[in-house]
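To start, the structure under review is shown below, and the notes come after it.
Here the chain labels run A, B, C and D in written order, and each chain numbers its own residues starting at 1.
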Amino acid sequence: MDYVIEMLNIRKEFPGIVANDNITLQLKQGEIHALLGENGAGKSTLMNVLFGLYQPEQGEIRVRGKKVDITNPNIANDLGIGMVHQHFMLVDTFTVTENIILGREPKSGATVDIKKAEKEISDISEKYGLRVDPSAKISDISVGMQQRVEILKTLYRGAEILIFDEPTAVLTPQEIKELIQIMKTLIKEGKSIILITHKLKEIMEVCDNVTVIRKGKGIGTVSVSDTNPNHLASLMVGREVTFKTEKIPASPKEVVLEVRDLQVKDSRNVPVVKGLNLDLKAGEILGIAGVDGNGQSELIEAITGLMKADSGSIKLNGKEILNMKPRKIYEAGVGHIPQDRHKHGLVLDFPIGENIVLQNYYKKPYSNKGILSYKNIYNHARKIIAEFDVRTPSEYTLARSLSGGNQQKAIIGREVDKDPDLLIAAQPTRGLDVGAIEFIHRRLIEQRDNGKAVLLLSFELDEILNVSDRIAVIYEGQIVAIVDPKETTEQELGLLMAGSKGKGTGETSHV
Amino acid sequence: MGFIDILTILIPSTLLWASPLIFTSLGGAFSERSGVVNIGLEGLMVIGAFSSIVFNLAFADTFGAATPWVSLLVGMLAGALISILHAVASISFRADQTVSGVAINLLAVGLTLFLVKRIYGKGQTDIISEGFSKIDVPVLHKIPVIGDIFFSNTYWPPFVAIIAAFLVWFIMFKTPFGLRLRSVGEHPMAADTMGINVTRMRYIGVILSGAFAGIGGGVYAQSISSDFSHATISGQGFMALAALIFGKWHPLGAMGAAIFFGFAQSLSIIGSSLPLFENIPSVYLLIAPYVLTILALTGFIGRADAPKALGTPYIKGSR
Amino acid sequence: ACGTSDDKDNASDGKGKDDNFTVAMVTDVGGVDDKSFNQSAWEGLQAYGKENDLEKGKKGFDYLQSQSDADYATNLNNLARQDFDLIYGIGFMMKGAIEDIASQQKDSHFALVDEVVDQPNVASIMFKEQEASFLAGVAAGLATKTNKIGFIGGVESPVIERFHSGFIAGVKASNPDAEIVADYAGAFDKAELGQTIASKMYSSKVDVIFHAAGGTGNGLFKEARDLKAKDPSRELWAIGVDSDQVDEGKVGDHNIVLTSALKRVDNAVKDVATQAKDGDFPGGKEILFGLKEDGVGLAEVNEELSNKDEVVKAVDEWKEKIKSGDVEVPSSIKDAESFKAN
Amino acid sequence: MSNRLTNILIPIISVVLGILAGTIIMLVSGYNPIEGYSALWDGIFGEVYFVGETLRQMTPLILAGLAVAFAFRTGLFNIGVEGQLIVGWLAAVWVGTSFGDLPKFIHLPLAVIAAALAGALWGFVPGLLKARFRVHEVIVTIMMNYIALQASNAIVRDVLTDRKERTDYVAESASLKSPFLESITDFSRLHWGIIIALACAFIMWFLLEKTSRGYELRAVGFNQNASQYAGMNVNGNIILSMVISGAFAGLAGSMEALGTFGYASIKGGFTGVGFDGIAVALLGGNAAIGVIFAALLFGGLKVGALNMPLDAGIPNELVDIIIALIIFFVASGYIIRYMIQRFRKKGVK
């Protein structure tokens, strides 16, 4: 068998940690090869080595059988290796074309020949079905479109081997479908692909082989046809993992959250929540399903007071909280696991211990008459860290140096510990591995079982279907349907989310 | 004084004041567009002023009328040379860019005065004999009215500065080099993955800023102060930086802002004898440019977007 | 204990110093080459040193430059501690510092230029600047063809007011029809301001400008040189201040400096040093230097001036009248406005 | 080697490197470095007078350093200390010359507080503009410096005096001058302000590290989004931070107004103390205690430098060069840290 890429016994160290310890990965011509591993297992590092961003301490790389030395991305490009990074590498203020040609600009005289570039780009995008508007600015296009630009960047450079680092984590179900289609076209055109993803279902659907790494060590490569999701998960984590979250039926009680006729404009002053109604009872988890950009973020920010609503009413336990200050809303009994943990959830340059009192630092016993008690703060932090299994060298470690999963656990610990009547969880498992996801789901259900209301926002239909007791479908700023997870399918949800009126178990205006 | 007469005084003076600011803020554009804050423009102007004056004094006999131009080149080289310090500290050594810029400012003043005392044995240089002097722009000054206002009794550097602004605009927005420079200032890691050498681009940006600020200082010293002392450059670099921000990091915007500052400055001096202004206490005219800048930043260009990566050192592999 | 320490002081005094009468001065931020009174004062000290065979340094004569006004006191104190016999503060800004230190270091002798401090160990050196600028005004009044004359002041202050009023009176005396336009730059070290003001004046038909603005005045010369270089046939003049600024006026074969109003700080400084050396230190006194004392004067008048002889003659006549006390030159603007030549 | 030790080592190594560089410069330009440094040393420690002057010089430097450091710690760069100092100076003199017959225990605090308030007001403007309009504070504070300079000059000339160069002395009842401190330091200008400066250092440390308000200020400095999410008033804290920073700077002005000078005068340019404050804050690691030591060092260097021309014939600008280089070295702490680590590794192996 011909391998296009062979990474043999790769070792890469960072100060104090071995990110890749003797890992081998072999990619065949024309296959989609999955790279699977927990958060921080070393997947991105391995791919960055292949792409020339890092130099390995040990091991060798062969491209089409020939030993190569990839000391910078230019060499990778020349060898036909292209990478679509986990975090997009796009210049927001540039146009699609400018982003794609950057570094390889066609010239006429001294100037960049934009016309020629645009022509070339539309040729490629036609060939692979990658629809883009070459003259649009990156900041104006959707995430899915941005990802297509990333792919085009590699193709424009004539990449034969494409690396996708967690490409689906940021996409809506529709966009994921399109992406999978694109990958299949690429393979048909003779390209080879390495795909990093935490979503076992995707691996089963599109991949040929899977290489599993755990804590920096290679566990081995298996053929997809010889395996199943449970097996993969246990390979990755090193123990058995359950997928279907166990839970007893919900027993909803009185209404905790009541949203009526809510109108919210987004930061660009465009109405995005347009007369939304919603009821949430104690002792239930309400999942909100919807394609990104239909007003779900603004809904949550309006409930938590982070964004001003134009009109309507939000009642918590019967008390109006519309447009109150965030602090007042928390004090009224709301917990909030924010969508973007780095942006909103943590002060990365504070110790993790101080992050745990981020909303409570001014209250007793953490502070008394305006003077902080570090003793009480850190005692509390230690408790949360132990209880929620936050893996950190100490409570004095800066939040920045924790891995994403552990940062998220700390946030969840903080929010759950406040014992809020309403817990809002926005994408609580985004980018996390299966082990961490399982842990977080259990915690959300525990909350419900203790008689609290949980509002879950997620773009992962699996998660919505698994965890929620009821599902509200949001479309263009309104709840268009309420469905029972036990009586619906992904197909039906997908249709509702796309705006087609479904059968729906609740009325559409009052939920 | 008639209105036209007023303009014939005001405009050449405006342009003269503006030209060092234009050059320097163009330099700032190179540095900041590449992602490196350059608050050291002031110091780099000091270096440019010092070296062009010293060269001018020493070689006026050799170069004759071409002396100020040759001296400008010397100022440009010296500015570029000193700016390497800023580049090394803030790009390679990951120093806080603002702090490194402040250090450049202190160093420039200390070093040049030290050298002046060492070379001349006193606190300031002699006055140069071959500075930029008044000219009528050939042909153009013959245009009625316009020619009198814009092209008579004026100096060459303002016109060179304006041409330079257009040139920089062209380089920055039309050439591959410009695209790469800006990409490094917006998203260095993206640029890196596209095979662009971020460090090199930033060094080029900073060194160009030194070169332009050196020219700015040289222009100031040779067309306005005529000698070099501790007071020669006192705040012009900061004004150039303000012009850059005022102009939204755009070469032509910076030029416009610099001309505006020059205008406000001239007005504050000349204004006292204009009928419209003579009753206004001079302090209002003196603070006008600064107040106007603040108002402008607050009002209609409050959302000027700095290059996204401005101020952050690029560390390979960090997110 | 007191006794011994006194003894020691005396001993070190006796041994540490030879018979040299040592002098030193503190400049303001301008430094000893400001082409103005710091420079002039330093020249005076150097002349004193030469006359008495002294060397620059702690054993002879020296100066300290201040980087900001916070340094005045430190520098004056430092010099007093180095046992200089006489210490000059150059400039009225040093009044406060000298007042303090003179009352602390009662054994040291100080001299202050341009301000008055009433203490027994301080000599106050004052000038009749108005007499010098009066002569400059006479020259300007006769040199002008347009009957428009300019005055550029540095910062409004009593010293500059004296320059200003003398100049007004001088112009009135020689050419009652001439109009004077005046402007203050607000600073002594902003050449660019001087240049813009000069540019404004020259383009509004002014053809002679006198400055009393220190470094700011360099801008005047620059503007005048530029205009002359562009159009050598144009007749325009600048008048210097403090020392003879003729060197600043060279443009090719021409020179645009008409003359300079001299303030002989050098003479005054040297004078007071010599007096002190001879045991006549004028402590607690205000010593006035005017035309008569050779403390102020007018530099050579430019050869290129077509009516040079007339000017020189007029200047000499007025000089005599002032020296003899026939004419009292006004020292405030108000008096100058109402000044009538005979 | 612990992180803390490294953090202390970096400024020390930087100072040593700065002095080394100074030696090289002296050698290259033909001066005798031994003479130079002993003149510098004598100018700092040679007499108790100079020690007093060093402490006097250090007083406004501490406060200016605190002003910069406080803003730094809360995510802001206050390059406007210079202007805030100037208005503080003016306000202190204004009050100090105005109420002649107040008892000292009222008049002096009044003058000091006026300076702090004036500085605070000057910091409030950029704080407000940053909070409300997202205008960058660096540019606004630069502009505010010039406005302060021009406005203060105009007020000294036209309001506090009748077109004079400088104001009267502040009343005895508003003066920080201390005959006692002067006498024990052989007539240096050391004044009681040093106590205020040290107290302010304590206040800054306590406020930032020990209070919930400080927690908020630091949180807003690091991450505004998270602070808003956590229910903090982001805009309020930005403004507060600039106000406190400005108040420190204003106090620095009152040190000059009521202690060192006792009057305000027309300024041809900036005092430089505000810009030195940046250096002091940086060298002091933006911590209160560090600022005190850094101010001591820079105060000493600046006072000692005045002795270099007289004793060794070396231009005192040499010290400015050394200070600038020290800032470079501290700012480049990353490379020093890297070297220390390399060195340590070798040592272990």
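Throughout what follows, contacts are C-beta pairs under 8 Å (C-beta built on N, C-alpha and C of every residue); 3 or more make two chains touch, one makes a residue touch a chain.
On a predicted model such as this, the values are computed, not experimentally measured, just so you know.
J.: Compute the shortest path length in steps from subunit B to subunit C over the network of touching chains.
T.: So the least number of steps between the two chains is 1.
J.: Identify the chain pair joined by the greatest number of C-beta pairs in contact.
T.: Max contact pairs: B-D.
J.: If we define chain centres by averaging CA atoms, which chain lands farthest from subunit B? Would you check?
T.: A
J.: Measure off the straight-line distance from the CA centroid of subunit C to the CA centroid of subunit D, and report it in whole Å.
T.: 36
J.: Using the average of all C-alpha atoms in each chain as its centre, how far is it in Å between subunit A and subunit C?
T.: Chain centres of subunit A and subunit C, defined by C-alpha means, are spaced 77 Å apart.
J.: Taking the mean of the C-alpha atoms as each chain's centre, how many Å separate subunit A from subunit D?
T.: 47
J.: Return the distance between the CA-based centres of subunit A and subunit B, expressed in whole Å.
T.: The mean C-alpha positions of subunit A and subunit B differ by 46 Å.
J.: Can you list the residues of subunit C that touch 2 or more other chains?
T.: 29, 65, 67, 186, 189
J.: For subunit B, which residues are shared contacts with two or more other chains?
T.: In subunit B, the residues touching two or more other chains are 231, 282, 286.
J.: What parts of subunit D, by residue number, touch at least two of the other chains?
T.: Only 153, 268-269 qualify.
J.: If I apply the definition of touch given earlier, which pairs of chains qualify?
T.: Here the touching chain pairs work out to A-B, A-D, B-C, B-D, C-D.
J.: Provide the residue numbers of subunit C that touch subunit D in the complex, in ascending order.
T.: Per the touch definition, subunit C meets subunit D at residues 29, 58, 62, 64-65, 67-71, 73-75, 77-79, 81-82, 92-93, 96, 100-101, 104-105, 155-157, 186-189.
J.: For a test of understanding, state which residues of subunit A touch subunit B in their complex under the given definition.
T.: 48, 51, 53-54, 72-74, 77, 83, 85, 87, 89-94, 98-99, 101-105, 107, 110-112, 153
J.: Give the list of subunit B residues in touch with subunit D in this complex.
T.: It is residues 39, 85, 89-90, 92-96, 98-100, 102-107, 109-111, 113-114, 117-118, 231, 234-235, 238, 241-242, 245, 281-283, 286-287, 290-291, 293-294, 297-298, 302-303, 306 of subunit B that touch subunit D.
J.: Would you tell me which residues of subunit C are touching subunit B in their complex?
T.: Touching subunit B: residues 29-34, 65, 67, 181, 183, 186, 189-193, 195-197, 199-200, 203-204, 215, 218-219, 221-222, 225-227, 229-230, 247-248, 250 of subunit C.
J.: In their shared complex, at which residues does subunit D touch subunit B?
T.: So the residues of subunit D in touch with subunit B come to 25, 29, 77, 79, 125, 129, 133-136, 138-140, 142-144, 146-147, 150-151, 153-154, 158, 268-269, 275, 278-279, 282, 315, 317-321, 323-325, 327-328, 331-335.
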